[in-house]
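Below you'll find the structure, written out as structure tokens, and then a few comments.
Should a chain be cited, it is by its letter among A, B, C, D, E and F, assigned in written order, with residues numbered from 1 in that chain.
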Amino acid sequence: MHKSRESNIYGRIKLYAGQGNPSLAEKIAEYLGQKLSGRKITEFPNENLLIQLDDSARGQDVFVIQSTGRPVHRNIMELLIMLQTLRLDSAGRITAVVPYLTYARSDKKDQPRVPITARLIADMIEIAGADRYMTLDLHAGQIQGFFSIPGDVLTAFHIITDYIETIVSDMKDPVIVSADLGFAKKGRNFANDLGLPLALIEKRRSKSGSKTEALNLVGKVDGCDVILVDDEIDTAGSVSQAVGLLKKKGAQEITLTCVHPVFSYPAAERLANLPIKEIVCTDTLPISDEDLHLLKDKLTVLSIAPLLGEVILRAHEGRSVGEMFNE
Amino acid sequence: MHKSRESNIYGRIKLYAGQGNPSLAEKIAEYLGQKLSGRKITEFPNENLLIQLDDSARGQDVFVIQSTGRPVHRNIMELLIMLQTLRLDSAGRITAVVPYLTYARSDKKDQPRVPITARLIADMIEIAGADRYMTLDLHAGQIQGFFSIPGDVLTAFHIITDYIETIVSDMKDPVIVSADLGFAKKGRNFANDLGLPLALIEKRRSKSGSKTEALNLVGKVDGCDVILVDDEIDTAGSVSQAVGLLKKKGAQEITLTCVHPVFSYPAAERLANLPIKEIVCTDTLPISDEDLHLLKDKLTVLSIAPLLGEVILRAHEGRSVGEMFNE
Amino acid sequence: MHKSRESNIYGRIKLYAGQGNPSLAEKIAEYLGQKLSGRKITEFPNENLLIQLDDSARGQDVFVIQSTGRPVHRNIMELLIMLQTLRLDSAGRITAVVPYLTYARSDKKDQPRVPITARLIADMIEIAGADRYMTLDLHAGQIQGFFSIPGDVLTAFHIITDYIETIVSDMKDPVIVSADLGFAKKGRNFANDLGLPLALIEKRRSKSGSKTEALNLVGKVDGCDVILVDDEIDTAGSVSQAVGLLKKKGAQEITLTCVHPVFSYPAAERLANLPIKEIVCTDTLPISDEDLHLLKDKLTVLSIAPLLGEVILRAHEGRSVGEMFNE
Amino acid sequence: MHKSRESNIYGRIKLYAGQGNPSLAEKIAEYLGQKLSGRKITEFPNENLLIQLDDSARGQDVFVIQSTGRPVHRNIMELLIMLQTLRLDSAGRITAVVPYLTYARSDKKDQPRVPITARLIADMIEIAGADRYMTLDLHAGQIQGFFSIPGDVLTAFHIITDYIETIVSDMKDPVIVSADLGFAKKGRNFANDLGLPLALIEKRRSKSGSKTEALNLVGKVDGCDVILVDDEIDTAGSVSQAVGLLKKKGAQEITLTCVHPVFSYPAAERLANLPIKEIVCTDTLPISDEDLHLLKDKLTVLSIAPLLGEVILRAHEGRSVGEMFNE
Amino acid sequence: MHKSRESNIYGRIKLYAGQGNPSLAEKIAEYLGQKLSGRKITEFPNENLLIQLDDSARGQDVFVIQSTGRPVHRNIMELLIMLQTLRLDSAGRITAVVPYLTYARSDKKDQPRVPITARLIADMIEIAGADRYMTLDLHAGQIQGFFSIPGDVLTAFHIITDYIETIVSDMKDPVIVSADLGFAKKGRNFANDLGLPLALIEKRRSKSGSKTEALNLVGKVDGCDVILVDDEIDTAGSVSQAVGLLKKKGAQEITLTCVHPVFSYPAAERLANLPIKEIVCTDTLPISDEDLHLLKDKLTVLSIAPLLGEVILRAHEGRSVGEMFNE
Amino acid sequence: MHKSRESNIYGRIKLYAGQGNPSLAEKIAEYLGQKLSGRKITEFPNENLLIQLDDSARGQDVFVIQSTGRPVHRNIMELLIMLQTLRLDSAGRITAVVPYLTYARSDKKDQPRVPITARLIADMIEIAGADRYMTLDLHAGQIQGFFSIPGDVLTAFHIITDYIETIVSDMKDPVIVSADLGFAKKGRNFANDLGLPLALIEKRRSKSGSKTEALNLVGKVDGCDVILVDDEIDTAGSVSQAVGLLKKKGAQEITLTCVHPVFSYPAAERLANLPIKEIVCTDTLPISDEDLHLLKDKLTVLSIAPLLGEVILRAHEGRSVGEMFNE
């Protein structure tokens, strides 16, 4: 735990939290040795939100912590309204801390006549008043380029690989399997860092145009313990298929890791029923008590609060973030 | 009904509708003698929306009809995503048609450290890609100034006063009562146009600072039939109090009119139980079947579809809107 | 009087004044215990203005005090040129302090094909280089939303009600009368705060379309002393009519209050001749010696300099403004 | 005279005029064979302007003709308000036609801590809503780069040289004299085009730092008829000095030409009393009847209305303007 | 070949070409049945470029065709200057057609303290004046989101797979190999479309931190003919290593395909010496005569001119581009 | 030499240099008593540049020193990429220090259908991330108005006149000659400051339209020593002609001064062969060893490093720059 810092060129650190991930916000505040600043969020019967700050943020270095999981659209608006409120209150510098950035999969027009909603979200965050942003493990690193404000795009990669190193010694012929071709490069990074071989799962539309997809495995897992890696688990549908394929191809024990536990229905049930030994994720999103109960024996949640807390501190003090990772 | 128009300087009219008020959109399309353009709205398990247009809107004069009632935040995002999709598809001109603009009551900082969410909504509509906007009876006319794009801010005033003129002859000593001091000037316009006297209801915080409010009536209603006017009915709480006061002050039959039937819970129940003869509103927002059932004997819904249809047509053809009202 | 402050995160306070209200600017400077910074304003024979700062404002926390009364357009340009000069001189932060914001009544399109000049003024202030603005008692609070920069919109309400409390004890059955329906809510605030009843004056166009207007009184003043409240007095034409009506309705002594003494010709003459006991206003605008002479027996001018001075200080030091008002 | 044109891709031409140069606007309208569109300009007692268009400009190709001579600031605001009104009325394309752009001499920081007001004016014209601009003979051609919108910067050079060619044959050893070193290059163009020699007048501050200036002549005028050229005549102070010097250096008959007859007091008197044969200027600015009377024997005013009319027509029809000058 | 089109809502098509890929520009013009519009590009001794259009582009629908290969920075500036020239000349609509967008690999901060130059390029294209853009096979689809203007991001995928289908029947056990994990998903699309198996080449940094990389093959190629796919070939270094690995793993004949023949030194030499049967690419970039000579037996260049020509036509006429691909 | 300063409101001074003028950057750093911050500039075989900062610039007061001489376009891109890298790294304030701003001669549309590239360059510098800029002796002072960010436009005038004063006493009847009419006013400033007479060289197109130009001398140089002044020397073509004319007109010894030694081929050869005694310039641009060798006997290079260093210091500390020049 760190001592609360004195005022500096950007004023003092003030932390505000939306309702998107309150327990993470509390842990970040704890890391920084201070309390979350008070704000009252009222939802009127017509669903409109009103946010009022308990005290003034004039000239302070403000960080708004808001994850954008379910309820997605309400959480987005809560973030934006909080940003605007702070801007209109003449805050000194405003950083939107969004551990999980929703709509990140809508990041390109891969079909005609569709939106790039991630760009829209970036534009909205800017226009609401953020001077900077922080987030973790974007679906595609390029989303950084959707913002014209500076940001810190962090990764839980080190936190996860540190944890895997503590369990990999008990594994038999471990192999990293990337659950999706879009995650191939990041899967390679896991394999590279841990010194393990890599295999990939390839999804194909059937040629007839029907919606059924076929999965192939590129690489070998026969007789190996598998660490299946992806950036997020949504409904766990793909994961279920992947685990089935891996088992068919002779995989032994399977460990599943992801950064963002989106866990849309019926993810928890599916995961509970899959023949996997452990699920490793972080707390970028809150996990419901119900889901925690369903997955209790399998689930390991690694906290990113110290990472975000430290980066907030360095951003505030004008110190390098890169050097945290020897970069 | 009007014939579908030929292409002109802004291309052809194309109408798109979100899910905020589909039946109004249908009626507008009908007025214009054309069909709503197809779009597929998918909600994924993680609540993210995907919108895909059925065919191209390149170079066309596009109108996106979306009311922003419940679910408020989802409807806002639907509107914004639709606007961006059309912009990225190189639509010729894009008009956001928002019959009811939510968050319009958050239009100024009347307390310290609160947002001006209506300005945020305006900014979001612009940044998403709207070239113009249309809306009806804003809570405050000044909200027009929150937009930097041009817009047509219409009013259902003429539609409502035309209707009242058909029923006022059966009333006894009719008097217009403005339900809120913020609606005083518009209440006066009703009174002026219909040649009736005006009274006003004044709400006061009790001096002790407690949250209870006292209502006063300024003006006279004793022995009169009352037409109680406001811009929207939300939970009908104020209306209930107002009706109570009016009855205590000797009002006879009470007719209630508003433009926007927001009808947040428990509006319909309250209205059903109030001693009012008739509730007159428009279809800027959809009314649930349940509410319609509760209010069936009392409710008169006037359609604004012909008004919006005609204005869309004139905006498309570069003809004056003002001259519709002899202005 | 306060001591001059040391440099802080925004540099030191520097105060500049245009020619719009020099004596107010002097009083603010006096409150802050410092001198107005020197600038030379030259008007060339072709009416072009040249502003040159006496010394550099690089990196300082600059406040430009300029009221925008007569000559209105020259004062606007003076403000804008001063803002740009400071921006180009690399001032650290620039706040436009505009005690009276002209064109505020052009705040919506209440007729077709008219401007929203108040938005244009806001845009011009922003583009010229203001980072923030301060003003008092805007004609409509929503004008805050015309700015995208943060601002402090203050009110002389407390200053005026404090003064009225010192004179109300001598009044007989005092009643607050709002001079205009657009001021109804603010009139209610006066009534609420002072614990007095409220009446309202309602203006109507005659139905025939002629330009003559009829005034009605809603509420009761018979036998009462009246405090007639409005936000500004322009030509005093409406006030004259209102006073006439109040007298006809039996009002006793009449006290008139407003924030902004615009006093366009022939306001002073009219006011001098009206049967009113006292006129209470503030010094957001200068009052000519001639007008002061005409109104000398009746006029009470309350200074807003300490209010603006204190808010400038708090804005500079990053302290809450709201807490000045126990908010 | 040209026939009124049909609607094209930018709608139809609509011409609006402010009060800055009404007779020029009339002549342009005449050239285009159409009437100025109606607008009502009201000045309230508080000096605020209200502009209302007589009919709708929706989707039309609008040209706002406003010169920005005296009263300078009022004329600027009139222009800006007119532009915003048209933008909010959804005009198709808006061109600000400003034959004389005021503040053009404030085009650089040639001293520290001064504004670049010409850039501010350009920004204001853009933010008010102009899509394009037109002007004549800017004080410095670089001012084009202050605008980010496209524009047509025209010159009356051809009109003036055509006229001079009609009178030069009667002159004796004619020589072009540039009245100011800042006009040296344009003076050379006159000399080059007319095949005449060039001389220049050089102004120097006296070294002692006092404000008195000394004039030198660079080149020879002894025994020659002189055509003294400049871009504008303001108070005619420099011109008076120049004429004195020229006479001292042996110049014979002097003809004075400029584009913009700013004629600030006491220009007309000075010019009337100077030993010059003829003053040639254009009608970019109105000349008062009084000044016309004073100068009646000497003044030749060449109209730029056909030039502006033709360029408006070509801009509307998407035809080249350059080819008018064989460029 | 298509007939030249008539004027429409965006004026007439006008095609301009920079010097980045003149022969492609010629072919596009030919497809559209018209000539490239004339422009003179002058390079002064100080390397500054001057572009002058031969005739006016006022109100026309302009397409600027410029590929941004070597000399990269000069070609970028040529594009930007041309866009600005057209904007200042009041072109009706300007589309930047950039078949190969340089700097696209600088699309995210994958190390600390590096730029996202692709976003900078997008910003520069917008600020120079483009209303729309067209490009082919971006290194990452997300780069679309770097632009706030609409664009058509096309793909040569269909052109290349159509060609491969004509040669695949002669292959023995053909397999698609993705040359880079970042191309894994697009590699899968090739495999999927052609009904072939997929293998991938995985690059690893050696753990010791030295710069040497190790290549692994994921999947099988033993005894198979290989189609090695990538988006561009730069120095052909990776390709050389990949071919070496494939041969070691037992691959038979190798065909290499890419969209963009960047061919930086010493690509052509390397390719000429590699044991590959055929190199298939497109003409998004010009290939030097020298390189053509070196590769003459192996190189198949497929033209994208008809694709770009058709899309330009459809964009001009407001017709769907997606329907070209049955989308 | 000055001590390195402590952190202040803008963080600490950090100096970065591109490759446009490394020795000037070193000298500025030396003046400020600190080292240039490390950055690695990589040029890939495809000519793309990658810039990586050695350590973090978060919250610091950063100055990027980059002159934009040859290779012009690469130097521009280097500047822009460096600015963006610093912005994305959350630098506190970024000043682009561009001693020589290329493309400054493209500052107006003096022919139809040409660009204003200097405005484009200004826009690019702003969009890349500069908060401020510094430059010297712009070709036209108005270019300051092309930027909307503040800047310090310095002049080497004092440095050059100070030097000339040391040599003028040895001259016989010295006269200042402006090499170009566009430099007439600045030439007058030299003459005025040094108390010398002024003559001007006038260039004319021959009337027949052919490209040959004729030079005239306005004023007298017969028997005088001449100081020929201009802002930059490019190919030295005009200078050669001017020297020829001056000699023909009887000039004695000729000294040539300019600020910017652009020295495009074959400037050095021409200058070496001209009958001039001395060439005085500054180090805003590097001079190649080859050129230095050619001109060794004649060339005097005055360093602007102390000037830029002092202004950087004052800008950092929020002190006046004007007072350096008693302004």
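The rule we apply is simple: a residue touches a chain if its C-beta (ideal position, glycine included) is under 8 Å from a C-beta of that chain, and two chains touch if they have at least 3 such contacts.
None of the values given here were measured: they were computed from a predicted structure.
Peer 1: Starting at chain D, figure out the least number of steps needed to reach chain F through touching chains.
Peer 2: Counted as steps through touching chains, the separation is 1.
Peer 1: Would you mind naming the chains that touch chain B and likewise touch chain D?
Peer 2: C, E
Peer 1: Measuring between Cα centroids, which chain is at the maximum distance from chain D?
Peer 2: It is A.
Peer 1: Any chance you could check whether E-F or D-E wins on number of contacting C-beta pairs?
Peer 2: Between E-F and D-E, the larger count of C-beta pairs in contact belongs to E-F.
Peer 1: Going through B-D, A-E or B-E one by one, find the pair whose contacts repeat those of D-F for over half of the pairs by residue number.
Peer 2: That interface is repeated by A-E.
Peer 1: By how many degrees does chain B turn when fitted onto chain E using C-alpha atoms, rounded in steps of 5?
Peer 2: It works out to 120 degrees.
Peer 1: In angstrom, rounded to a whole number, how far apart do the mean CA points of chain A and chain B lie?
Peer 2: Once rounded, the distance between the two centres reads 39 Å.
Peer 1: Could you state the distance in Å from the CA-based centre of chain A to that of chain D?
Peer 2: Roughly 61 Å, centre to centre.
Peer 1: For chain A and chain C, let me know how many angstrom lie between their CA-based centres, rounded off.
Peer 2: One centre to the other, that is 50 Å.
Peer 1: Could you check chain F for residues that touch two or more other chains and list them?
Peer 2: 9-10, 55-56, 88-89, 109, 111-113, 116, 119, 123, 320-322
Peer 1: By the document's touch rule, what are all the touching chain pairs in this structure?
Peer 2: Touching chain pairs, listed by label, come out as A-B, A-C, A-E, A-F, B-C, B-D, B-E, C-D, C-F, D-E, D-F, E-F.
Peer 1: Within the complex, which stretch of chain D touches chain C?
Peer 2: Listed in rising order, the residues of chain D that touch chain C are 44-57, 69-74, 76-77, 80-81, 84-85, 88-89, 102-103, 105-106, 109, 111-117, 119-120, 123-124, 127-128, 234-235, 262, 264-265.
Peer 1: Tell me, which parts of chain A touch chain F in their complex?
Peer 2: 9-10, 132, 150-151, 314-315, 317-323
Peer 1: Show me the residue ranges of chain D that touch chain F in the complex, using the header's touch definition.
Peer 2: For chain D paired with chain F, touching residues are 107-113, 116, 118-119, 123, 140-146, 148, 153, 181-182, 184-185, 187-188, 191-192, 195, 197-200, 202-205, 207, 216, 218-219, 320-322, 325, 327.
Peer 1: Where on chain E is chain D touching in the complex?
Peer 2: Residue positions touching the partner: 7, 9-11, 55-56, 58-60, 87-90, 92.
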